[in-house]
């Protein structure tokens, strides 16, 4: 069951790489949140209830609901165009994400590790790097944020892999989630929104030395 | 005690946030300084004691804590001066925000130095990001916004890297069957750790810390941050915050030290260090923005520090000494930058000049600080650089040494030609009547800092040498 | 006692500088003048007491960074202390009046005075301190303060440029010294100079030679050996006259001191070092004077002559090394004796020349010799002093330049009796070089003196302030007196020379001592003959005067072969004077010409300008520099403001570190595979 | 002492012989051999005209020129008997003393501010620079040969053994002769009798000297000839006793003078532009000599 969920997560990455509209991104984020919620529920079996509750609350409430809604609000508020505006054609993106996926699998094949479920590793790895790829390859700032959240999801998956033994790390991950996302979105919402009307990243590329 | 200090200073910073009264602000900041110094003094007498298993006052932490105390004093003083002079668009609210953030930053750093648990360090690194971002965005204009945006984003990414590193570390601990994640236990069990994941985790953690430490690859946002932050804040960013990165790196490196994979870690650090010096050389020879120039010179010094650390031998000692002295020298430059800006109302090298004519004391500071920052004798940094070169020589890295020397010469050339333009070449367009009279006392702190760096380099008190040697002992 | 004096010497500087805030600018000038003068007295007392009572050693504990700081004053140190002190005495007195016209730039002057005092103090200390680390520190303080005194007129762009050039190059020098001392430190664990001896003794010869080369480059940059000379012709014209005098008088000599000191310490195959030094010195000498001839800028020309004289000194040193190598004591005596003596002499006449050039500048406000002329009538004192200096620097009797050059010459000739062919060829090379240098110097200074001081002004716009201020030539007469004294009674120096030379002759046998005595007798006889020469000339002139005074005599225009009119513009200029020479030497020089040819039926005014360049600089400094700059600038894209890139760097770094070992491993596998084919 | 006297004597008639030879060579009878000295004495009696632009240098230079040559002559030995001044390396002083005189003469030419004299001065300076190495190499090779470093020592020990060394002696003589021609700026390097100032070297330098000074300069030229003649003679005198050596000396001087005369009357002047090359050939010849001596003394191996 867990594997199915994780594979769906990976699928969503591929979809994300070729999606053209921000709304789609947000839906994918919601989906990923739900997937993580399910995974948490299934994985962290031997965790004390309170902690588990906290984690699930975070995944469901924060990842699946609050953040996407919030971003949607921002997009509406700042009249951000609906296009994702990638630098590269979708086909190439698809290719690259696939390559990331494959290389993750290959890399995992090097590992012989009884404490680590390889699926987690592969999924986490590919999610992190395709999130990075998303940031690098898209023009808009909002897409950067989305990419960052994808990375967070990947990291979360990774933390789940060790979660049972070290709940503390999972909590750390949650903390990172909330902290960074709030910080970034906070700035994004409060400042960039009202300083620049059309938040195109090119407007934020003037601090340079060349 | 550490926790008390933490709570107290967080309360103080909250107080500063909400407070609107000038006098109370002075009072609170003074209180905080007293607290900080008291804390430092207390720790001096409680060396190598663990608190809650999360904090441990080892010699490295203590050294950097003391350095921080020394820098914090003038930093806060100059912040007051800065806000006075720039009081056109200052509201009590913004002032409160500024000081609150600065106090928070100082606190976070000073506690993070002493943390004995990688997760705790990580948390405080996050807090520094938060407070630093507030400082950077003090002038609410679009450039500042860009600076803070980049800084926050890059830091967020790098923090994630560190987190991933920690996860890998935990994996390797599982292999070894270790539960306790504190540095001491990691260090004592380092031979048991699973090399595969250890390498992974070191790579990720190192990459993450480069953002704070100011090294290739993640140094980029730091430059913008130091450029955009008000000069006193910039001073802190380029001194104590970098030290924080150094502490983190040092402690993680300590785990790998004396293990078979140390050389592997060394190679990573050497690559990063050389590239950093190279980047510094690239920009020092072409930069036109004085503040960014200072920032790049920090990059160069960090590169040297990492080189010294990775080569080992006397290099480790030199690295710690170097970062210590750099903590005193670089703020001096940033504080002096304030006065430069008051004179010319510009940070572009094209608009400045004849500083020696307009502000003599300041000009002398710039001259001395230049000598220090390029590590020419008789400056203090010369000693540590000399030792670093010596360690490179001893480790038979002669070609590397020559490359480094070449690059440093270029750095010095670029730095020098800009500094001397600032000092001596008559400016193109300047209204002499508008130039404010700057009291020599403004420069006092810089003289003291520079003097301190020289003294500590050439005639180090035995206690200092002892502390540094202990710190070196952490990885040897 | 001497320790006390030295400490007093150093404290005096600090005290003076600390007292500066309480004085007006004039007061500052006066007290710094007094301070330097009394420091000179102190230094001389110490030096003389060394010559009287033998070497003096004491040491400071130092910190754990430096280790023990031994202070040793032997005859070499004493000799150089005397040389430095004298030039600083005259220089500061001359500079005092030279700086009068800048008296409104108070802050600038204060900094200048401070830097000047620091320069003097550190120079003296450099002769004493014998701890590598401390020596580096003092060395750099000296370099920095000399940089400050050079860029006095820093509001001029090219001055600052030259200054920075000097700073960077001297920093490169210190890097070499750093490496050298580091090397010794690592091998022996001590910064004490004695460690150098221990190290070189323990090493095979090649190690010692390598170490010496490191030192030589480090000191040679300061001394201005070709090809490390390029900072010199830039810095000297930029500096005020007295500073130029001091710089080329003593500051570049500290490099010579360093080399001589290292030769005392390094124990290795001296012949190789000797050959090396002779070769590079002959090249230095000839190259320097060759470029000096084609210069139009008065001070730049003199600067190139400093390079030439460094070459002569170097020939002496090289000869001495060969002597040590072959155990031929005549060579040693003449070589080192000539080098030491020429160091002193050059510091005298070169400072004299620079001071008088300063007077010319103050009178005319130009250094372009093409514009000058006929100054001998406006400023006779300066002119005759300059003539004195010119004759001395050409090494003509009866002046001091001849004495030292004679020393070297006789060494070279007497060494010819050696029976190996390689040294003989080197000696021949040196002889040819030395004689060529002499001839070229003669061209150069006839040109300068003739064009600047004789004839009539070549540019009517330049008006000359007369009369000369007395303070502007009294210190010069002081120097001139020394020049004549050394020329006529050189044996006054003999005792000092003997002591100093013996440092290089640890095993001085009887014959060697005889040679030493013989050389000194030669010195004496030369002195008397020079005196006789002066007397003869004087007598003949008196005779002529008697005869001519009874004849009738009249004045008229210069006979210009029938052409009557304004002949000032027709005079031979500096460029035309050396044109045939320039044509001859074209391949060695780098001269940029700007011509406006006559064209058309009614040609406009034509003119031609030549800009003498420096080939060595072009190929050794400029080209590589531009190349590396270009290389660095290719990477300017790194900080391009795009956050995506910044993140990309992180990914690339991680990927690189992860993949690099794999790739390298694969490649090595392939290579193995291919090797097995 | 002897050398001084006999050189002075020679200087009285030397130029006369040269002139006489030339006139005979050109089929004229020609003046008596003391005619040049009469001319000089006439010049001594005349008054002088000074250019307004000149300074003290101009008055001093001719005297100093003469003084320098006299000083140099004092160092020239006569075979075994040393000159008044003799010490190790005296020939260095010899060369530099001559250079001193030349220096003053050159700047005195520039002192007049006349373009012609500047021209002459420039050439004079260049040529003397070029000729300097030749002398030193020559003396160096003698020093190598005899192991002595003073004129007297060298010439007293200078005796040619094998045939090849005679060849070397001839070479040395040739170099000395050529050197004398250059130093006194005679044919083929310079034509004192030409009437185009543009092509002169020495004569154009002294264009503004008149009366006593001119006389001094001209007499100095004679002295110089005699001096070089003495040097050449010394090559052959060696250890001979005075009774033979002094006549031999005069014979050689006369031969030298005749040789000069013949060269002057049968050679055309070199092109000004080519002079440097020809002068530099002297140095290479001297080098040849040097290596020859290396060969003889067997130090090559």
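Every chain is named by a letter (A, B, C and D) in the order it is written, and numbering of its residues begins at 1.
Here is the rule we use: a contact is a pair of C-beta atoms (placed from the backbone, for glycine too) under 8 Å apart; a residue touches a chain by one contact, two chains touch by 3 or more.
Note that the structure is predicted; figures quoted are calculated from it, not measured.
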| item | value |
| --- | --- |
| Shortest chain-hopping distance from subunit B out to subunit D | 2 |
| Rounded Å distance between subunit B and subunit C, as computed from the means of their C-alpha atoms | 44 |
| Chain centre separation in whole Å, for subunit B relative to subunit A (CA means) | 32 |
| Mean-CA-position distance for subunit C and subunit A (Å) | 69 |
| For subunit C paired with subunit D, centre-to-centre distance based on mean C-alpha positions, whole Å | 36 |
| Multi-chain contact sites of subunit D, meaning residues that touch two or more partners | none |
| Residues of subunit A engaged with two or more neighbouring chains | 132, 144, 204-207, 209 |
| Contacts with two or more other chains, residues of subunit B listed in rising order | 149-150, 153, 157, 223, 283, 286 |
| Graph class of chain-chain contacts, one of line, ring, star, complete, other | other |
| All pairs of touching chains, each written as two labels joined by a dash | A-B, A-C, B-C, C-D |
| Residue ranges of subunit D touching subunit C (in the complex, touch as defined) | 44-55, 57, 60, 62-64, 66-68, 70-71, 85, 87-89, 92-93, 95-97, 99-100, 102-103, 106-107, 109-119, 121-123, 125-126, 128-130, 132-133, 135-137, 139-140, 143-144, 147, 149, 197, 207-208, 211-213, 216, 276, 283, 290, 294, 299-301 |
| In the complex, subunit B residues that touch subunit A | 119, 122-123, 126, 129-130, 133, 137, 140, 142-143, 145-150, 152-153, 156-157, 159-160, 163-164, 166-167, 170-171, 174-175, 181, 196, 223-224, 227-228, 283, 286-287, 289, 292 |
| Complex contacts: residues of subunit C adjacent to subunit B | 63-66, 107-108, 111, 133, 136-137, 139-141, 144, 151, 154-155, 157, 160, 163-164, 167-168, 171-172, 174-175, 178-179, 182-183, 185-186, 628-629, 632-633, 635-636, 638-639, 643, 645-647, 649-650, 652-654, 656-658 |
| Contacting residues of subunit A [partner subunit C, same complex] | 129, 132, 135-137, 144, 201, 204-210 |
| Residue ranges of subunit A touching subunit B (in the complex, touch as defined) | 111, 113, 115-116, 128, 132, 141, 144, 148, 151-152, 155, 158-159, 161-162, 165-166, 168-169, 172-173, 175-176, 179-180, 183-184, 187-188, 191-192, 195-196, 203-207, 209 |
